[in-house]
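Below you'll find a set of structures to go through.
Next come two complexes, and both contain chain A; in the first it sits with chain B, in the second with chain C.
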Partner chain A sequence: MSAVPRIVGTRLLQAVPLVVATIVVNFAIIHLAPGDPVTMMVGEGAVSADQMDTLRKSLGLDQPLYVQFFSYLKSVLQGDLGISYVYHQPVTEIIASRIPATLLLMGTTYVISTILGIVFGIVAALRPSSAQDRILMTVAILGYSVPTFWLGFLALMVFAVELGWAPISGMVDSGLAAGSWEYWLSVLRHLALPAAVVSLFYTGLIARLMRTSMLNSLRGDFIVTARAMGLSRWRVILRHAVPTAITPIVTVLGLQVGLMLSGAVLTETVFGWPGLGVLTVQAVAQRDYPLLLGMFLLTSVMVIIANVVTDLVYLAINPRLRGNG
Partner chain B sequence: MALLEHRGLRAALLATTILFGGAVGFAHAADEPVKGGELKVGIFAEPTTLMPLSQDINVQIVVAQLYPSLLKFDGKIEPHPYLAKAWRVSEDGKTYEFDLVEGAKWSDGKPITSADVKFSFEQMIPQYQPAGKANFGVIESIDASNPATVVFKLKRAYAPFLSLMNSLYAPIVPQHVYAGTDPMKNENSLSGAITGGPFKIKEWIKGDHLTLERNPDAFASPNLDAVTFRFISDASARMLALKTGAVDYLPPSAMPYSSLAMLEGDSNIKLEPIGDEAAAKVLTIGFNMRKAPFDNAKVRQAISHAINNDFVAAAVSFKHETAAVGPLNSNSWGWDSSLKGYKFDPDLAGRMLDEAGYPKKADGFRFAMTVNTRPSVAVFQKANEIVVQNLRAVGIDASLRPLESAPYTASTYIDADFDVSSTAWISAFDPNNLVPLYACESIRPAPYSNFMAYCNKEVDELFAKGAAEQDQAKRKAIYVELQQKIIDDAPALWPMNWADWSAYRVYVHGLPAGPWDGRDSFSDLWVEAK
Partner chain C sequence: MASLPTTPDPRPISAEPDELRRATPHWLEVWNAFRLSIVALVSLGVLLLLAFAAAFAPWLAPYSPTEVNPMDILQGPSGLHWWGTDDLGRDIYSGALYGLRISMTVGAMAGLVAALLGTVIGALAGFLGGWIDALLMRFTDFVLTIPVLFLALVLIPVFGSSRLIVILVIGGLAWPSIARLVRAEFLKLRSEAFVEAARGYGARRFKLIFSEILPNTFDLVLVATALQIPAAILIEAGLSFLGVGDPEPRSLGLMLKDAYGLLGLAWWSAVFPGLVLSALAISLNLVADAFNDAVRGHE
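Presenting the complex of A and B:
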């Protein structure tokens, strides 16, 4: 067990250069992309070249790229992601204001699809090629192969337009006192459709993986041994087959945590969900470099952290890894 | 990426420096207005700020409710009292006097006076409103010695002056809040705490919606109790929101032609080019006249004959628009049916290109060219696809050059690195709006300038004559002559008249009817009691 702190330390240390590399690459990509933020900002008016130069100077965009980079790196290390060109507010504040919405949508989705995906995967694997297996897997394949924006519109057409059960857009109705139960009820009503659509996607993905993994596990020698020892069928499945089968699922779930915060761009757009996905799309359109860099950084760091955490979870559920980290 | 859809083109509409407008329409108010109720508006992106002089279309529609302007306008750009209850223009057209409404107050209780007006026109609008310098450079001095009256002295008579006094071009901002500050960074531009318009901020759920409520202390009391702006970036989702009544009104900036086609036939929804005679623009596909062969008038005229304008207009607008003749929309008072455009005649186009020295070569083509397009702007994309086919039919090896918004703007306006490129030009309600696109002085590397590098001294002289003339009939004659000159020079193709369509539920009345896509005071708007 003494190896565990060392492994944790190593993993964290490895993450640091990765984060720095991410910052460099993100910065380079954004600044090498065609298009000038100043041109986008002045937009419509007949603006003089002088005014544009002044604006460029005030944003520090007249400086050589490496100067811009080091000043950016310096402020990032101090926890300052800069001021958005478009909103004129600190990037950290803007991003923070959108995290709850994305967290609500993706968190709900995550819990639902993890539980359903694993259950469906197990149920399907218990009787391969049976009717229940075929039905579940057909739904699963449809779930993760049908584009979510298309499914989103379909859901809107049926449940919002035709049946009128769900609201069409946004996260909450106007004029409700924040925190009141009417407010949360309204949020819940708005959440149902987008959460269902995104859940269908991830449930399908996880169910397919779980089924394959479970089938492998059920063929293992240890299962034969367990059965031979006279353990009950469900004890064999739940205590021996499932824990083994679930390891690869943890990898996928871990990666998803990292991607979750970047928001479901298409779903958020279709449902008008006020999360980070829509914010990113907007930042791209408006060449809001600081905001875009902030979003990229957040996503990258989340993926890196998720990877580290996944490794650690591995250690917890698979004792064999503890010896040779 | 639906939210990209309109940004550039709306920006282009605004582009004209000498634009005026703003209007509150009475066109639909058949019955007596009802007090109370809420209007829900679907806009395509969240306002990025509440800065009263922002250039963001989704900010403008909100701040028009929060800040006063001296006048408001109907669909015919006729001025109506607003913050100014009365006004006088001197005989020589060089002095304008406005009497302010008595007792008008900012939301912190301080009075709105002529000093605020003077401050806005001297310190704020020229510096921060994109068209401010061009619009109001004509002002020589402003006298605010009487707090209830403001007097503008102009350097010369300038006919469009009154129509510039709208909330988009000339919002009045509180001097005691903004004096000596950068309005972009001013705390009030983020919070909207101190305002003076018909509505004030009630709640802003970031990313979701922004709700305004009636400002009880306003100089102009609105009919509505509240206005909610919902941010819906996807065009189809907006359309569904209107269909289900989740929103009541989609301003033109939120209404692509494709949505128009899909909303047709719904008896609960009205589709109208509100403010049509004022707001209409022309799809303009300009040549880069700096380079061969487009420096040759004969080549440009030949290409003008090669394009099937009727087909472009019908296909792009789902048959809601007609082909344009020249740079002004045919709804403009400055347009005339006597203007002579280019007939669709590919054979003639071919012969003219032969004569211009560009015969077909062995590969069947005369020369190659690219057509700048923005796939995210449906009108540009569809029109340019047809233009390319028309060009190929007369032996020009044309191909689309799809560019995303920022590189598109750079290649068209800044670097002049293109063959032809598209823009939308608001031209209708005063022909003087053609100056930023067609005058020699407007050739400069800046967005929404004369990107074609078109320069004709005779046209410039007519521009000057038209702006100085006060009599509308005489102005029209000048502008008809001017348009024919531009048409003959063929610096651009004008395939389609392009109106601003609004969609709203039938119980909504009195929508802003001016040329500003609804970016105007909602004080006269009302909804039928449900």
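Presenting the complex of A and C:
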């Protein structure tokens, strides 16, 4: 057991160079980006060359690159990601205001698709090559092959435009008191379509992986032994096979945290969901580099954290790994 | 291929165990396993049909994909325009045929980039082992968690939008699963008899990699790459939908982007290009999946 703190420490230490590397890449992108940041900020030909020079000096852009890098590093570590060109507000504030919407949509999908994916994967694996297995797995492949943004788009055409059952875009109707019962009901109505569409995608993905994992687990010697000891089939499946099969899935679920942000970009765009995805797309369209790089940094750090957490969860549920990290 | 003059060519020695201990089955066996599945055969048929349509788009398309026709805007499907026209009077069917070309090209090229990177990184990690292996695998795990679409969305405007950049960004992030597979095969194969035999005859490291181990990983790399291609195609379409994909003026993603602006006005402008894109991704995934089962089933 004494190995655990050491492994945790190693994993955390390994994350540090990754975070620093991300900051370096971020800095490099700022300087690789076409166009000078000052021109970007004020617009082409809007002010005189003298004024541009003054602005450049005030931003420290006349300093050597390494000086600029350290001042950038310092401000990032202090949580200052600069001011958005478009919103004229601190990037951190803009990003923070959008996090809850993305968290709600992606969190809902994450929970739904994890539960359904694991259940479908188990059901398919219990009778491999049977009709139920083939149908479930073909549907699962359909689930992650059909582009989510197109499916979302069709769902909007049918349920919002034609039938009028769901709102066309946004997260909540305006004019409702935040936190009231009607407010949350309205959020739920807005959430249903995007959450269903994205869940289909991830359920398919997780079901496939769970099936493979479950098949491996059911082949294990311990399953045969447990059956031979006279335990009932369902007890063996639920108490022994499933927990073993879920362990490798944890890694995959950790990976999904990053991938879900990709999903968020498209889904939020289609459904006009006011989260980080839409914010990023707007920042790209408006060449709002501070905001874009802030999003890039946030995403990288989230991915790194998700990696570390996944490692640790894996460690916690898989005691065999504790000895030799 | 040249062997050292002082050592006999290891090939004749390795040839026999190579045949006997092949980790992967013959293509005929793979095909025999593959054709057992009706779903796989139907998907292969659809895929070949789509490939044919993409290859012969200029001959099959009744109109230019980009030709604006103000007299024919927002026409529903008819004998004149099979899949209707959009708000600029462009023929959807012709556009989708050309779009299919772009999707397939970008998917295949990104797959190629991923296969090359994955093979090199996996081979180095698996063959060299030690801290290089540990470092490369840590890096592989990290790349695996990068949200590709998100990163591409940020990077492509910075590097400038061109088909090459799109291919490099998508392919450059799609290699981890291939690298892991190649590494695992290398770990398995490096202690196999035929490799040991070649080593015993004094074959050099890189000769071992290229003429003994690598050829044996070929079909697994092919399968792993095939599984990445539909994802690459969907990412390109997603990027085009967001306006930063392939710069060609008409691709499936761009057609869907345009259709999104016509929400509720012209269902055909959204349904048909999306169906083509879905059919492509579904058939590719089903074929790759059946192919994967067929190759692995014989292990």
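In the analysis below, the second predicted complex is superposed on the first by the 282 of 325 C-alpha atoms of A that agree within 3 Å, B and C clash if a C-alpha of one lies under 4 Å from a C-alpha of the other, contacts with A are read in each partner's own complex, and residues count from 1 in each chain.
The rule is short, and it goes like this: a residue touches a chain if its C-beta (ideal position, glycine included) is under 8 Å from a C-beta of that chain, and two chains touch if they have at least 3 such contacts.
All values reported here derive from a predicted model rather than from experimental measurement.
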{"item": "First (chain B), second (chain C), both or neither touched by A:270", "value": "both"}
{"item": "First, second, both or neither for A:121, with chain B first and chain C second", "value": "neither"}
{"item": "First, second, both or neither for A:281, with chain B first and chain C second", "value": "both"}
{"item": "First, second, both or neither for A:194, with chain B first and chain C second", "value": "neither"}
{"item": "Which superposed partner A:147 touches (first chain B, second chain C, both, neither)", "value": "second"}
{"item": "Contacts of A:88 with chain B and chain C, given as first, second, both or neither", "value": "first"}
{"item": "Chain B versus chain C as contact partner of A:292, first or second or both or neither", "value": "second"}
{"item": "Residues of chain A that lie at the interface with chain B and also at the interface with chain C", "value": "34, 153, 156-157, 161, 168, 269-270, 281, 285, 287"}
{"item": "Residue numbers on chain A that touch chain B, as the complex places them", "value": "34-37, 39-40, 42-49, 52, 86-89, 97-98, 101, 153, 156-157, 160-161, 164, 167-172, 174-175, 269-275, 278-279, 281-282, 285-287"}
{"item": "Residue numbers on chain B that touch chain A, as the complex places them", "value": "1-4, 7, 10-17, 38, 40, 45-46, 48-49, 55-56, 129-134, 184-185, 189-190, 202-203, 205-209, 211, 226, 228, 230-234, 236-238, 240-241, 243-244, 246, 404-407, 409-410, 413-414, 436, 442, 444-449"}
{"item": "Chain A-touching residues of chain C, taken from the complex the two chains share", "value": "39, 138, 141-142, 144-151, 153-155, 157-160, 230, 234, 237-238, 241-244, 256, 259-260, 263-264, 267, 270-271, 274, 277-278, 281-282, 284-286, 289"}
{"item": "Sites on chain A touched by chain C in the complex", "value": "14, 18, 29, 32-34, 134, 138, 141-142, 144-147, 149-150, 153-154, 156-157, 161-162, 168, 254-255, 257-263, 265-266, 269-270, 280-281, 284-285, 287, 292-293, 295-296, 299, 303-304, 306-307"}
